[in-house]
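Chain nomenclature is as follows: A, B, C and D, assigned in order of appearance, with residue numbering initiated at 1 for each chain independently.
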Amino acid sequence: MVEQLPTIAQWGIGIGALPTGPMNSITDVQGVTVGHVTLAVDHVQTGVTAIKPHSGNLFRDKVPAAVHVINGFGKSVGLVQVAELGVLETPILLTNTFSVAAATEGLLDYTLAQSPEIGISTGTINPVVCECNDSYLNDIRGRHVTRTHAVEALHDCSQEVIQGSVGAGRGMSCFGWKGGIGSSSRYVQIESNAYTLGALVLSNFGDPAWLCLDGQPLSALAPQGNAASSEDKGSVIVVLATDMPCSSRQLGRLAKRAVVGLARTGSYIGHGSGDIVVAFSTAQTIPHTPRGVAEPYLSVHEEHLAHGFPAVAWAVEEAVWNSLACARSVVGRAGHVRHGISGMRDEILRRRARGHSTL
Amino acid sequence: MVEQLPTIAQWGIGIGALPTGPMNSITDVQGVTVGHVTLAVDHVQTGVTAIKPHSGNLFRDKVPAAVHVINGFGKSVGLVQVAELGVLETPILLTNTFSVAAATEGLLDYTLAQSPEIGISTGTINPVVCECNDSYLNDIRGRHVTRTHAVEALHDCSQEVIQGSVGAGRGMSCFGWKGGIGSSSRYVQIESNAYTLGALVLSNFGDPAWLCLDGQPLSALAPQGNAASSEDKGSVIVVLATDMPCSSRQLGRLAKRAVVGLARTGSYIGHGSGDIVVAFSTAQTIPHTPRGVAEPYLSVHEEHLAHGFPAVAWAVEEAVWNSLACARSVVGRAGHVRHGISGMRDEILRRRARGHSTL
Amino acid sequence: MVEQLPTIAQWGIGIGALPTGPMNSITDVQGVTVGHVTLAVDHVQTGVTAIKPHSGNLFRDKVPAAVHVINGFGKSVGLVQVAELGVLETPILLTNTFSVAAATEGLLDYTLAQSPEIGISTGTINPVVCECNDSYLNDIRGRHVTRTHAVEALHDCSQEVIQGSVGAGRGMSCFGWKGGIGSSSRYVQIESNAYTLGALVLSNFGDPAWLCLDGQPLSALAPQGNAASSEDKGSVIVVLATDMPCSSRQLGRLAKRAVVGLARTGSYIGHGSGDIVVAFSTAQTIPHTPRGVAEPYLSVHEEHLAHGFPAVAWAVEEAVWNSLACARSVVGRAGHVRHGISGMRDEILRRRARGHSTL
Amino acid sequence: MVEQLPTIAQWGIGIGALPTGPMNSITDVQGVTVGHVTLAVDHVQTGVTAIKPHSGNLFRDKVPAAVHVINGFGKSVGLVQVAELGVLETPILLTNTFSVAAATEGLLDYTLAQSPEIGISTGTINPVVCECNDSYLNDIRGRHVTRTHAVEALHDCSQEVIQGSVGAGRGMSCFGWKGGIGSSSRYVQIESNAYTLGALVLSNFGDPAWLCLDGQPLSALAPQGNAASSEDKGSVIVVLATDMPCSSRQLGRLAKRAVVGLARTGSYIGHGSGDIVVAFSTAQTIPHTPRGVAEPYLSVHEEHLAHGFPAVAWAVEEAVWNSLACARSVVGRAGHVRHGISGMRDEILRRRARGHSTL
């Protein structure tokens, strides 16, 4: 395996405030794991990324969850039921737009094998699969992701989050640069309790003219001469995890703050973009089968929840930047190229240093 | 005080299934109280109705709540914040469309007096006031309801729910007949626990051609020769209370079933109608000021919650019918008249008896 | 092909008011066609149903559309983008819950073949596939529907709508009886213009204890001794078509009235139910590629739109009943049986006749 | 009248791109006017601001409109009906939280006087009043705004938009500084057509630690030693106007981009904040009374609409900054003070100049 390029924290850059977790990724939230399958041959530059809230049987022990649609130009599946019932009952898969069906098949293979009761003695299951359009680099019409790839991504899950041009991020573009998978985390202190909040993004959005790093405009560095659109097209999927005890309504409120992180990178929420947020809490599980009449669930007070809001903004901003910083250049379909922004690191740091001398 | 006309249960009619509470009203839910102020002189036929979830300080001890907008052609206030935060922090007032502002002032008078900290050492408060348009019988442009009336309705609250042409219901019309305030309740058994679910409606909707009683069409009895619209105009406010422990998301799911009860009375959710549902649970309170980091809240399992769904449908249907059955005729603005349907009771029961002989 | 069983209009029963179109089906709306593929061997009792708004290239010439989620316990795909953009750009497919992915693949095959520009020189496409759970009669875990079946259903589309135990309706159950595909239509007169509004349902819901026909309770006829749940489980998909010129917002308002038709059949919107409505207008198309800066779109006035509201309620109610009346009995998985209600026709008509003598 | 302090354009700062209109305010949209009443004596530091989409009778000739709730911790009225019907039928009033009722009364006085048919021969009217909490500087419990003030603000409307500590903005705070009313506009070129998009904000939000100007962090300048919260509390109301022909759905999409402008000033959408957007188009009116069966409405193509998205972000960001730049210091309730940020202008420009030398 090729070594991962440095994150922006490794560049020496911190976003906002609050300490990050030890891995500065979504897997700092206890129990969360992430896996990838990457397809990278010629015009096939795509893949699947899996996020598991816990390692058990998620259908039987669901987690509280919420979705937030920032812009609905997207083809994600499973959002309607999460909104109604406030729970996630499968891992989340990310892939390209036309591979949602294959990923769904794989997710069904995986979950039906785990739970033979589904569709026999109990109801069905709600697979959650989100997507971005990687057709600039990938032969998306070829639908090269198979259900087997999806199952492999689920089995690949571990605490280590490989970032950059991997998994579902393999063919994605961001602000004219190579985008993909990025992650980050923050500690949120509420009185004597320290909670963790992690973000993972699949970045595929952004108008090259408006990229910012922590407020510093970087449009002068925008890639030239390629087919980079001058519009904010594409999409972004944001997955938020936390061990803060939250109701689904409260997770929805956290999810709504993701847009702040996106805006701080330079997004103005382009028209042709499926900007979708899925948030879950690992603090407690909700059983498929009732254990009694009513059960106690912990919720942080709404005023405490508010401490998580800037944490979401900063973790998402940093995750998008990590998806850029860690992404190696990719040559794909029709010879199209997206360059990794890491080659610009020194120039970016130079500009930033001069900017900071002004503070 | 004039005696209340009989409810349909007193006519001998039960709707759907499940036992009703002892008073067959929303106040069967422990702690809930209802009060009215009625203005009934010449062209002034209007009023205020107050519903209190509990008798304490609701700002300091809020109740979980949800709103559901069936049709948004309405001017209710306070719904946005209930949707965001999932709590009710004032009693609910009902009145006519153009008296919402006066009722809001009265509700502020009442709540600011209770809580001197509001707007000084803590934030503001979210008054919830819902309305229907009683302009057929009432001089609505005169805005005869004052803030004092609103406070009086709040002080009038008791366990007894007067139904019919009273309070906010004084000037309302329903299916061409006199509408107004109606209520009903159901017991919901979940394993060994018996919960209560109560509904109170302010009825002001319905096309006379489509009125039904428990499936029996009553269009043949439709009032003739008055200005009764042939369209389903007007509005209806439904307040649901329960002692079932529910999250605000779950209360929202209960609230969505109110439309079934309305449809069963003959509504097709007319265009010009503000059909609004507010639901709350009295099972537990949520403190304004955090008591710790996180607190346990009970929630019934989603499969148990489902037992409440038909209860909502039936309680709402019966509450609408009680608003009709208990309403005395009113002569109001410009000599307009709405007759109470109670005069038709024998004819309705005769039709129903014949219909039932067929079962 | 086995002949279709009579609809309730052929039983002599009309629902509500307003004239029906010549075929009393969704295809009375000019240009709309419907096709089926039915799988009916042993434990495989399922299929696909396709609805096309027009016979051209729907990606290039989209139709205004809206979705409404009555209850979100469902796995339909494509709803998020319809809500955002207000257009439908593929035919609608209906199938069983676990065949949504296969149907999506088939819909992609079909649409990508029609439009080679998709994913190359323009963006992607938003397939709309809705579902119910037919696992009582069908081996749903076997995922027997293939992408080829989906394409075949699209090619099967014609003006004739076969109703009952066909297509996606093959394995569905409704109020303990055999459910499936049903349709109906209404003329809506607005001043001098006659518009058509059609409904097609995939019925798979309903508590046997509460089935009604036009207000007449039929619980006494409820099927006995089988595994019929005593709860309102399952799902229902409602597709509404009209040639009334409507914005997507207005189509959303029409869609919200479908629940009235469902409630009139006896639904109380059960918990475990994906109750989803998709509505579109054929009055005009919206080009994928801009033809100029701004284009004129006709919209009926909101007060005229209201004439469509009862039409929706009645067409949906009649469509559900046609799905029952036209459904032949099916024996499926594990020897499970659902009987067609048509065997009860005489008894139902007898009860109805006696009930009507009371009017 | 005291002269208005310079806007940030007068400081020499432009935000984003696109040319501004001649007045760089919401009234660059033809027909839009703005008026204020300001109360500024001792502990009474509050007021009313009115925005009129056109100078005619808005009830009879409505404008397409949409609302978007960024965060629903707010008490604005009228939003439910705008969401349902997609039209605005009164001017918009802004005031403090506890004066919403008084402003509603004034708006009713004004509109009922204009249209004697309301509540007599036709339905009622939906007043739109939005609010922020100015209790730090203003005696909000005193409810000093009267219905007469509201009417006066409506009569004060003109093309000139006074910005800063005026009208509803008199007592507002923003990032620990004096906030209030700000405005800005952008030209949006679509092929050969130039459209105007204008924003007006009532700013009352922001954590002092995170204020930014065009990416430049200004936390080092944060006001010290006063009761400035370290949280992002408060609220913001954004009104968007455009002459682009848009459906209400499209206006909703424009409204959703306002959050980008807020995020760019440093907001992370605090918990205790009513962040509300109301957007309308002046391109065409929608008659209260139908003129025929259906009417043609122009809509820009969705891809053209997208040109308005960055325009919204930049106009909102600049409007917030103008609300800061133009605001004079105010001493109010309990001796509380908010300083105008204009005193920091030279320091801000110095930092900005050094930052820019790095580009």
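To be clear about the criterion, a residue touches a chain if its C-beta (ideal position, glycine included) is under 8 Å from a C-beta of that chain, and two chains touch if they have at least 3 such contacts.
As the structure is a computational prediction, the values presented were derived from the model and not from experiment.
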Farthest chain from subunit D by C-alpha centroid distance is chain C
Per the definition at the top, count C-beta pairs in contact and tell me whether B-D or C-D has more. B-D
List the centre-to-centre spacing of subunit B and subunit C in whole Å, with centres computed as mean CA coordinates. 33
Taking each chain's centre as the mean of its CA atoms, subunit B sits from subunit D at a distance in Å of 35
Where subunit C and subunit D are represented by their mean Cα positions, the distance between them in whole Å: 44
Shared interface positions of subunit A, touching two or more other chains: 71, 84-85, 253, 272, 302-303
Provide the residue numbers of subunit B that touch subunit C in the complex, in ascending order. 16-17, 70-71, 207, 209-210, 212, 215-217, 220, 231-232, 253, 256-257, 259-260, 263-264, 267-272, 302-303, 305-306, 309-310, 312-313, 351-352, 354-355, 357-359
Complex contacts: residues of subunit A adjacent to subunit B: 84-86, 190-193, 245, 247-249, 253, 287, 290-304
Footprint of subunit A on subunit C - complex, ascending: 69, 71-81, 83-85, 97-98, 100-102, 104-105, 108, 112, 118-120, 123-124, 126-127, 133, 135, 140-141, 143, 233, 272, 274, 276
